[in-house]
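Each of the next two complexes has chain A plus one other chain: chain B in the first, chain C in the second.
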Partner chain A sequence: MTKLFTSQKFRRTAVQVLFVAAVVLFILATIIVGRTNIADQGIATGFGFLNQTTGWPVSFSLTDVGPRSTYTEVLFAGLLNTMLVGFMTLFFATLLGLFLALMRISSNSLMKLVGTTYVEVFRNVPVILQVFFWYAILTHLPGPRQAYSLADIAFFSNRGLMLPAPSLSGLDILIFLVGCVAIGFGLKSIKSKKTGLRLPLAIIAAVALFVILLVTGRDADVPLWSVPELKGLRFVGGVSLKPEFSALLIGLTLFGASYIGEIIRGGLMSVDKGKLEAGSALGMSAFQINRYIRIPLAFRAMLPSLSNQYIWLMKGTTVGIAIGYPDYFAIVSTSINQSGQTMELLALLMGGFIVVNYSIGFAMNLLNSRLKLKGRS
Partner chain B sequence: MLNKLMKLATAASLAFAGATSAQAQDEGVLGEIKARDSLLCTGHNGSYLGFAEVDAQGEWQGFDIEMCRALATAILGSPDKAQIIPISWAQRFPAIQSGDIDVIIKVTGWTMTRDTELGLQYSRPYFIGPFYVMSRSDLGAESISDLEGGVFCVNAGTTVERVLADYMETNGIEYQPLAFEKGEELRAALYAGRCDAIAGFGPFLSSTRVNAPNPDDFTIIGDVIKLEPEGIVVRQGEDDFLDVINWMVTALLLAEENGITSENVDEMKANPPSATVERLLGVTPGVGTRLGLQDDWAYNVIKTVGNYGQIYDRTVGDDSRYKLPRGLNNLWNNGGLLYPLVLD
Partner chain C sequence: MSTSVVPPLPKQGFGNWLKKHFFSTWLNSVFTVIFGAVLIWMCIKLSNWAILDAIWSVDNKEHCGHGAGACWAVIQDRGRLIMFGLYPYEEQWRSTLACLIVILTIGLSCLPSFWSIKKLPALWVIGFGTFVLLMRGGFAGLPLVTSEQWGGLSLTIFIFSAVFVLGMPLAVVFALARRSSLPVIAKGTGLFIDLVRSLPLLTILFAAAVVVPLLVPDWLEGNKLGRVVVAFAVFFAVYQAEIIRAGLQSTSQGQEEAAAALGMPYWSLVVDILLPQAFRNTLPSTINQAVITFKETSIVTIIGFFEVMASGNAAIGGGEWTEQFVEVYVFLALVYFVFVFGLSRYGAWLENRMRVGHA
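Let's look at the complex of A and B:
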């Protein structure tokens, strides 16, 4: 018996087991105490409210929700809104960040100055202020009746940017997206000698698919393009980019780009100079050196901090609540107020963000392990 | 050993005695308030003009704040014992459940969900809130249907969101909703022209209009879209506290009905014109002891904050900058919906 206690292995395992048990007990106790207290106060608990209708509208959503939708549908719409603005932010911020990084490492001193100034300005101002700033600018534009118009088909006012759009249904758009992916995979199988044909063929196929979808499956009296038109107090037809959405997207993108730019710059600068010189010794052009040596190596170096930044930006979408953009946080906040189910909704809020952000982290890790230098590093 | 046991027994009995005597004194939240000698009451995170706002001297002002002060005076004898806790619309229910505040006096509409599922209890309505729509004057709208397709801004998470959606659906009017979490942002969006109209509580709209860079730019449209009775909220099961609140409101209304003001209350107490007034002001005992208060609590309340009409006029009515008409919040004999309970 004493031997067992003096065994270091046993002691270590025992400590670990006890620690895990204590944590699990603590969590269980918290949940039980919380539930009893809530029940004592006479508050209805559980997720039954998710099937009740909300009774309030959502100002912007990708799915069709209204006062008669259930809490489940409205919360899902909120999550989609968060993901829409979040993923668009990631895309544009990465693109802009790449430009900034290239400017900052270029030998042109004017480019360097512009890049550095940008980073210092946008990195050092809190993101919520930037979002407020862009929202104030967008809402102080003229009203819809005095809107700036571009050849009477596109309009820009404090109600947002109204653009003409092809008359495609949601189903059409889905078919188109699936079709594009299929075209991509189909063309990949073309023999390697004819790779030059891939891109033009892909474009032709995509355009053809688009035209077919546009012309077919449409009521006879619906025009091919839906053009925004002022009717009463609003524009009807076309698509609109609302100021809340635009301000959040612009603010987050410009802010995020300054960080991403620095991460990319760090990655590019981490590439060993000798490897680049080796490239030019082999007679590679500057483009080839960048494409085949510098960017692949830099990409590996910056992936871990880039995934951090992506996850941060996704969480940053919650500032949308301050300017009336109905993101997941704003929808949950309103739901708490309307249904009173605080604990359940907060759990859903955290769960939603964990799912989205974990997926980003997972995808980035997958990319990282695929790109990792095999064998030695 | 025996000695030890004896000691233990004494300690245990002492602890038990302590617990029971504390229980006897401490009857729910009313006991807590008396023991703490202050009433924790709702303010606002920012300003809800006319109801809970911070003035230039940094003091809380407004109709709901005066109600808090009246309640503090009734229980603790002084309006300064009302401690105003800034709290958002969304936080008010969790806050009362966790005991951060004793009472919600924050234009809180009496809805079935809140009453039945949140473990709360409402007082009789102390304020009747009509909902209106206020639109930009340059749109020339005379009724809500003239605003077809417009952008309607509201405060997120309030009953207004639902009330407006109901009204618009019933009347077949299409509109674009836009909800803001904070009143300041809602106002900024309205003044900037992002919204064609805002829907809300009459008092809120009139204070929003008064604060506009140019008040004439905005017009309150006559259609009442909904009427909401506002109650004072306590935790479920605080019946004694709720009694005090209901009778405090009745005292304010009775005072107005009988023409008792903060100026003439001493005179009235000296020469009560009726038996009801006599009872109300504590000349004949009963009004206090039955509620667990001093017999002169109503007198103190009227003396310090005035009657219902005085509070109304001072905070949102004719003597304030909001000039909100009494309307439905008048006494029954002046065409309103308010009436006192019977003080016998």
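Let's look at the complex of A and C:
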């Protein structure tokens, strides 16, 4: 018997079995207590509620949802809202971050100073404070009648930002996005010595597709570009960005750009100086050195931290609830209040974020393995 | 036959310095002129707004908003609300003192002479314990102030330090469990860490505040602040665990084998050999994580706590100061900036120091 207890193998197995048993017991106890507590409140468990109508409106959504929509539709609209603001943030923050990184590594001390000041200011203030700030600014703009206008085609008022937009339906936009991906894959398969032709060709094809979609499939009296106009007390036409959406987008973008800028700068600085000097010794121009040596190497170095930052920003969209932007989390939390289906909705909430974040992680890993330097590392 | 050429001396003088840094190429000159003009214009506007045209005292508050600059009178009027929340007025000296003690603790733990496995935890337990006792009171003639009345900056500091004190040991446990040689424990911990990391902090805090009371028996419920702090600590711990794990991995395998060969017990190996090195190697990332945690304490305002962000919003919420939101938000930003910038500068200095040490 003592032999059994001193045996390494037995002790290792026993500890692991105990660990699993404790975890299972904990989960089971939570579920049992939870079920009884919820049953006491007279709420049915299970996912049946997803087909019921919600009875409350959603202030902003891409799809057509209202009080008569089911929970499934409303939750889906929330997920779309999260992805809309998330992906737009990633796009603009990366662009701005690139500018900041270039400013901070430039030889011009003034630009360095501007870049550094920006990064230090925006990185060291909580993102939620920044979002509150922009929201307060946007809601303190004058009303529609006194709106600030930009050449009479864009208006800024406390109802939101009104911008001109091409007259495309939702279906047109979907076709355009799918078309762009198809163009990308199509051109990738062209085996040609002149790979330099790919990018111009892709741009021409995308523009052509855009023009075709814009010209076809619309009523004859609708103009190509819809411009916002003041009619009575509100604006008609164009695309309207609600203050909640704009404030969240601006706040997250300015905050995210300071982090992304630092990651890009780190990547650019990590490129071995000898390689750049080797390039110039071979007679490459400054542009060629950047294009063929510096950027490819830097891009590989910064990809892992960049994908972490992207996932972080995607999760950061949840602060939108503080200013009333109906993102996935806000919709789930309202649903919990209204329907009481706590455990089911919580599972859906976690599931939604895990799917979105894992897809970003997966896409970035794919990019990483595609770009990885072939051969010995 | 060869003629030797003397290497060119670097050019000296103010003109050359200017040329090198601001006007090296024509493109740089253009940028310098444009950015310089914009920058000077912004500095003039900003100093006019923030200092020259500003209104500092509540007595002049009727001038606020009529084309004048910043109205700092709002800070004079509502400063106590922002800093202390709903903490009783006569007891606010306790709140101030408690905050100073935690700031002192943070300052002391930045000194290398405190970096030992016994001193650092002891320092934090004493510092944090004093903070809680002072804030709570209920002894030696100090009136009891329950945590529902805590607010403002002291609540922010309480959440930050509680998360740090609870989260750090938890992080060590997670890191060790993930590196365990027992596959079930390693995999299970790994799964848990990855799951929590893929969720936003807000959803976890929300679950702790609203959902946990439904899932546990009443006697386990605790108060809302306690639950949120524990959930926040778990969130901090899974990130910090990955940092510690990286530090553990950077110690060489040979050291562990040497300890085993000498017959050292496991806890001694961990406490005396692995952890000191792991912490030392990952100090910059740990400080970075502390900085992020400090900023993220502002999230609890969404689930209904009255910390400094929420009390700032309350100061402009009702009545007379609604137009002074810019001033209040700038003030809040400065409060956060002082803490966060200070800590991150310290981290950068430390990183530099370590790089020199290793070279």
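Everything that follows uses one rule, which is that the second predicted complex is superposed on the first by the 275 of 377 C-alpha atoms of A that agree within 3 Å, B and C clash if a C-alpha of one lies under 4 Å from a C-alpha of the other, contacts with A are read in each partner's own complex, and residues count from 1 in each chain.
Note that in this section a contact is a pair of C-beta atoms (placed from the backbone, for glycine too) under 8 Å apart; a residue touches a chain by one contact, two chains touch by 3 or more.
Keep in mind it's a predicted model, so treat the numbers as computed, not measured.
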So in the superposed three-chain picture, is A:110 touching just chain B, just chain C, both, or none of them (first/second/both/neither)? second
Quick check on the superposed pair: does A:342 touch chain B, chain C, both, or neither? Answer first, second, both or neither. both
Which of the two partners, first being chain B and second being chain C, lies in contact with A:186: first, second, both, or neither? neither
Thinking of the overlay built on chain A, is A:23 touched by chain B (first), by chain C (second), by both, or by neither? second
First, second, both or neither for A:322, with chain B first and chain C second: both
So in the superposed three-chain picture, is A:354 touching just chain B, just chain C, both, or none of them (first/second/both/neither)? second
Output check: A:296 vs chain B and chain C. Expected answer is one of first, second, both, neither. What do you get? neither
For A:56, select first, second, both or neither according to whether it touches chain B, chain C, the two together, or no partner. first
Can you tell me whether chain B or chain C touches more residues on chain A? C
State whether A:133 touches chain B only (first), chain C only (second), both chains, or neither. second
Going by the contact definition given at the top, which residues of chain A touch chain B in one complex and chain C in the other? 136, 140, 321-322, 333, 336, 342
Would you tell me which residues of chain A are touching chain C in their complex? 12, 15-16, 19-20, 23, 30, 33-34, 37-38, 106-111, 114, 120-121, 124-129, 132-133, 136-137, 140, 311, 315-316, 318-319, 321-322, 329, 333, 336, 342-343, 346, 349-350, 353-354, 357-358
Of all residues in chain C, which touch chain A in the complex? 20-22, 24, 28, 31-32, 35-36, 39, 181-185, 188, 195, 198-203, 206-207, 210-211, 214-217, 295-296, 298-299, 301-302, 309, 313, 316, 323, 325-326, 329, 332-333, 336-337, 340-341, 344
Per the touch rule above, chain B residues touching chain A in the complex are 89-90, 93-94, 97, 113-114, 116-119, 139, 147-151, 153, 156-158, 161-162, 165-166, 169, 176-182, 185, 188-189, 192-194, 196, 235-237
Touching residues on chain A, where the partner in the complex is chain B: 41-44, 55-59, 66-67, 136, 139-140, 143, 158-159, 231-234, 236, 243-244, 321-324, 326, 330, 333-334, 336-340, 342
